[in-house]
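Per-chain numbering from 1; labels A, B, C and D assigned in written order.
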Amino acid sequence: MKKVLLTTVTLFALSANANFNSSSHNWNMGSDPFKSTISAAESIYKEVASVNAWRDTAKLIKDAKAAHAKGDSAKALKLAKVAHNQAVRAKEQIPAMKNAGPRF
Amino acid sequence: MKRRLFLKSAMAGSAVATAIGAGLLAPRAVMANSDAFKAISSKMDAAAASAGKGSFTFKAPKIAENGAVVPMTVDASGMADVSNISILVKENGTPLCCSFNMTGANGEVSTRVKMGKTSAVTALVTAGGATSAVTQEVKVTIGGCGG
Amino acid sequence: MKKLTTLFLGLSVAVGFTNANIDPQADQDAFINYFKKANPNVALEDYSVGAYALDEINRGQFEDILSGITPYEDAVEKGGEEFADLGLGKCAALADPAAARVKHPYFDEVQGKVITLEMTIAKCYNEVTGKKIAKNKGRIARLSAWISDQAAGEKINVKVESDAAKAAYQKGKATFYAKRGEFNLSCADCHVYNHGKKARADVLSPALGHTTHLPMYRAKWGGLGTLHRRYGGCMKNMRAKPYKSHGEEFANLEFYQARMNNGFEITADRYRK
Amino acid sequence: MSIKLKPRARNGNIDIKLLIKHPMETGLRKSKGKLVPANHITDMTVAVNGTTVMKADIGSAVSKDPYFKFSTPGNKGDEVTVSYNDNKGKSGSASKKA
């Protein structure tokens, strides 16, 4: 089962590559959701980290990459999505942080 | 009677030791207390079961703030000839926490005790050869973030 | 119309945070009033015992431990010996330990930042020994606790005077009230608006009085730790990545919190669960 | 391991507070996945001017850094001695005048 999945992924990647060579359309988003998700997670996290890093985001990114390297693409994508979601929500918190004050 | 009880618990102890030796029991299931201490624990536990209600003060919190440090005080200074004060936590692996044999000291002790979970706690006082007990429940809760 | 409102709001925000409008005394008055109103039966000075002021059963255990030999007495004494052996009194900033405790945290105009007692200890330790000292626990906590003991009974008196100091105070205040981390909670969400309520088995401590007994001994730690260690642990619990101990964010937060406690006595009763 | 001993004479009695620095490991606690070996005090003796006034059997359920408070008949100047043994064969003692 796993083997089949891997083969499919590889094939997909290959065809995507072919696509890239022949045309300029956005192959990255459609063909490898892991790569796009993890790179988005990483860049947003990097942007917010000095002001509002969540506790587990860095570890989630690391674990996602490790799962990806091991070929567990389902787990990798799942972790990447959680990391991405965390980074996005952390970013959403920031505007209100600077001038936060009491409500009494 | 007491001798039999003692023998019984001592035998139970050695059976446990054999079980560990044979790898039947994980070491986790065994308290570190020595067989001799466990024997005293069994003896005190039995004594507590048959003891009448004591006329001394036993102070322990209703809810333990931290199960690792539960302050307790037994004050039997109003009683004559106190020869032993013991504290038993029923739900601990070995119920006996500590047993103080007085050979001149007054009948009062304070200490701090570990409790794994909510349990009945008994203070046992032997004075003038008679043993009496005061029992109360101490709740142990699992902490959140420490306040 | 909508545009106008936005413009108006934008203006008021801009005006609201100029330094001229930063008034720590007014902030403290409001802060204290909030707690007074929430707990009309709690005496003001009782807030220095933290959550114990609001929970009778736990307070009994706290007092039992204080009336015996406290589990940190030895460590504080050792801190005194270390202070003498290392010769930390040679540093001008620590020559008079009691005065040093009362002075910190303060805004250093030359460096342009808040300096906490532990930052001064770390600097002095480095000058005397050439080595770095760990920031959260162990030796620094022992030294800081011993120094603080020398000032027990004296009053916290944090000064926020210059514009730069006010700006640091304002940053610390924002940190205190800002929601962050996966749980989307601010310090104030628990320690102001929900103080006295329980988070599982723990009574949430009131923020008023928070800095009076630091460094503290926590049974959970089995040892002494600094205020920044506690800040870090608290942030982690809220699933935020802690700021750095001795860093700007925590120093400013300490500055704000300590200022809210002006007039409170520094205490040597360092026990918490 | 050190002992903190505080005897205080008052109205013909000596109040004794003492704290022994000791980890009091039960042998059941895990640290980094491994059981920490048992290491706890097993017995303690309190004497006044050389005469034993109390002997205690101590289990692993006594808290880390055991604390005890007793009182015994006695006067200012009496010497209070506390000694203990642990399950690893170590012992300690301390003396102080009330």
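Keep this in mind: a contact is a pair of C-beta atoms (placed from the backbone, for glycine too) under 8 Å apart; a residue touches a chain by one contact, two chains touch by 3 or more.
Treat the numbers as computed from the prediction; the structure is a model and nothing was measured.
Two chain pairs, C-D and B-D, are compared here, and B-D has more C-beta pairs in contact (counted per touch definition above). Subunit C and subunit D have Cα centroids separated by 36 Å.
Centre-to-centre separation of subunit B and subunit D, using mean CA positions: 17 Å. One finds 58 Å separating the Cα centroids of subunit A and subunit D.
Shown for subunit D are the residues in touch with two or more other chains, namely 64, 67, 69. With touch defined as above, residues shared between interfaces to two or more other chains in subunit C number as follows: 68, 71. In subunit B, the residues touching two or more other chains are 68-70, 73, 110, 112. Chain pairs that touch one another, listed by label: A-C, B-C, B-D, C-D.
Contact residues of subunit B toward subunit C in the complex are 61-66, 68-71, 73, 110, 112, 141-147. Contact residues of subunit C toward subunit D in the complex are 68-69, 71, 73-74, 222. Contact residues of subunit D toward subunit C in the complex are 2, 4, 6, 17-19, 21, 64-65, 67, 69. Within the complex, the subunit C residues that touch subunit B are 50-51, 57-58, 60-62, 64-65, 68, 71, 198-205, 218-220, 233-234, 237, 272-273. Of all residues in subunit B, only 27-28, 30-34, 37, 40-41, 68-70, 73, 77, 89, 92-94, 96-106, 108-115 touch subunit D in the complex they form.
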